[in-house]
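Listed next: structures, encoded as structure tokens.
The two complexes that follow have chain A in common; it is paired with chain B in the first and with chain C in the second.
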Partner chain A sequence: MSTGVQLYEPFISSVKKIFKDMANMDVVFKGAFGSESDEIASYGVTSVITYTGKIKGSFLINLEPGLALAVAQNVNGIYYDSVKDSMVLATISEMNNIIAGNAISTLNNIYSLGLWLAPPYVFTGRDAIICIPKIPSASIDCQTIYGKLKVNVAFERSGEVSGC
Partner chain B sequence: MDVKYIAPFMDSLVKVLNDFGISDVKRGKILMKESMNVDMDITSVIGIIGDIRGNIAYSLSADTARHIISAMMMGAPVPEINAIGRSAIGELSNMITGAASSQFSTTGIKANITPPSIVFGKDIYFVISSLILLLLP
Partner chain C sequence: MKKRVLIVDDSPLIHSLLRKTLLKYGYEVCGDAKNGREGVEMFRQLMPDTVFMDINMPVMDGLEAVKNIKQICEELNVKARIIMLSAIGDDEVTVKARNLGVFIFLKKPFDDYTIISAMSMTE
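== the complex of A and B ==
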């Protein structure tokens, strides 16, 4: 399967919708998806969710600390001063779960991929690098008024699935 | 959490490392946690779906990783952890978790694994999932 733009579109739509619906934030996408090296530098708070079915892959949201704090504050209505606050991390993780869940449901409905999501995880720390070995991925940079966001989608290439 | 969900991972870890000639694996005490502060250099996380659902994270120091990668590459020196080394750590996670999934299937529990992701960096603060988190040093 060539990893077509069709597979990325549901993630873009879902990011826009969930950030608006849950955190009342507009996300502006800068350019188009571009191939990513196998090393992605964390902006400060990163959540990853992986999936498997007829194909395998992962979805990652990478947020600057100020953006992660603003998202948690807008969603929960509570002020937070540290990204290590478990509620901040849980909020980002749950947001990722909802975004990926929406996108995967769309992909399953259109392409019958039979994808299932593993639970998300989230981390924060200085100078962290994340690597998804062997699976090609693509990223798109985004901007909000509270800071930068990067979205990364990875799909294993396979000849088993047609139509996407 | 029932021990039947933990033992296959420990058994598989020991067996897979043994297959690469590493036999001095010592097990610590299991802790139950909601979040995890990792002071090691590398953490590989792999998801499980099916009758059971969760994530398993393998954390190791850079020295331990180099030692294991070298063992996986028939003793070749590993001065730094490059793309091949990262791939080897991912493959190790796949092998351990895949073997554990196979053990689950013998007891009627269906479990499938998702691709591993590897986080590099010290002093990383993780929330692995909103589910129960067990730490096995």
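== the complex of A and C ==
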């Protein structure tokens, strides 16, 4: 992978850790990161966050509705019956923020990339087509006992990056 | 007398989780702000004992808000402990925060123990 597998690894570790720490869920990764096309079909609840610094990119988590509801329930200790509930969306959005924040903190410490996050956004809708900007991205499919999840990481080099 | 806490974060989830923990352990949440500018205004009005401050927020980020709050504290000769609570916690950011006068820097996610330990250090 031309941008370096090292750039993706903190995101995988962060997804595993944050799902476990916040939602008490084990995430099983199915295979390795593979190149993604320009379009991703939403499973039901999707959150995207972008970052900039010495490299630019985005991080996306795409969850089945049942998984999103279970995450919100486990984090908040409250039952929700709709993914459109504002607290369900706030939970997924903040989890995405924390996952990406933890990952870029690791990258900043190792590679001094000066990465910073923009606020995340979240939307609902099954089979909505999410068009990824024309920068290389890779996805990995994941499974939990509550449903499936796809994680997508995109990076575009914006200048002087060494060591990765 | 209960310690009064102001929460400054753009995430409704963080407000909800922090509020639950703080109330459970006998603290008073005196205000909720959703960005740094609101946080500074509320600080001036409410004069809390402790502020939980996120970094990455719209309108005014947490580091800028900390600078403003520290200025208010100097002007009015009051003391407030600022606990920074952020998803981004690389070395450069934590050093910057400490240099601005942040009392404790915590990385998200957090649990009850982390929050209450931090609060006990402010006393």
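Note that in this section the second predicted complex is superposed on the first by the 159 of 164 C-alpha atoms of A that agree within 3 Å, B and C clash if a C-alpha of one lies under 4 Å from a C-alpha of the other, contacts with A are read in each partner's own complex, and residues count from 1 in each chain.
As a working rule, contacts are C-beta pairs under 8 Å (C-beta built on N, C-alpha and C of every residue); 3 or more make two chains touch, one makes a residue touch a chain.
Keep in mind that this is a model prediction, so the values were computed, not measured.
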**Request:** For A:Asn109, select first, second, both or neither according to whether it touches chain B, chain C, the two together, or no partner.
**Result:** second
Check whether A:Ile130 is in contact with chain B, with chain C, with both or with neither, and answer first, second, both or neither. first
Which partner chains sit in contact with A:Ser35 here, chain B, chain C, both or neither? Use first/second/both/neither. neither
Open item on the list: One more residue to check, A:Val48. First (chain B), second (chain C), both or neither?
Closed with: first
Query: Touching A:Val122 in the superposition: chain B (first), chain C (second), both, neither?
result: first
Comparing chain B and chain C in the superposed model, the one touching more of chain A is B
> So, does A:Lys56 touch the first partner chain B, the second partner chain C, both, or neither?
Replying inline: first
Inset, instruction - Using the superposition on chain A described above, determine whether A:Ser93 touches chain B (first), chain C (second), both, or neither. - result: both
Interface residues of chain A shared by chain B and chain C, listed 86, 90, 93-94, 116-117, 119
Touching chain A in the complex, chain C uses residues 10-14, 16-17, 56-58, 86-93, 107-109, 111
Seen from chain A, its contact residues with chain C in the complex are 18, 21-22, 75-76, 86-87, 90-91, 93-94, 97-98, 100-102, 104-106, 108-109, 114, 116-117, 119
The residues of chain B that touch chain A in their complex are 34-35, 45-50, 53-55, 57, 83, 86-87, 89-91, 112-131
Counting only contacts in the complex, chain A reaches chain B at residues 38, 42, 48-52, 56-58, 60, 84, 86, 89-90, 93-94, 116-135, 154, 156
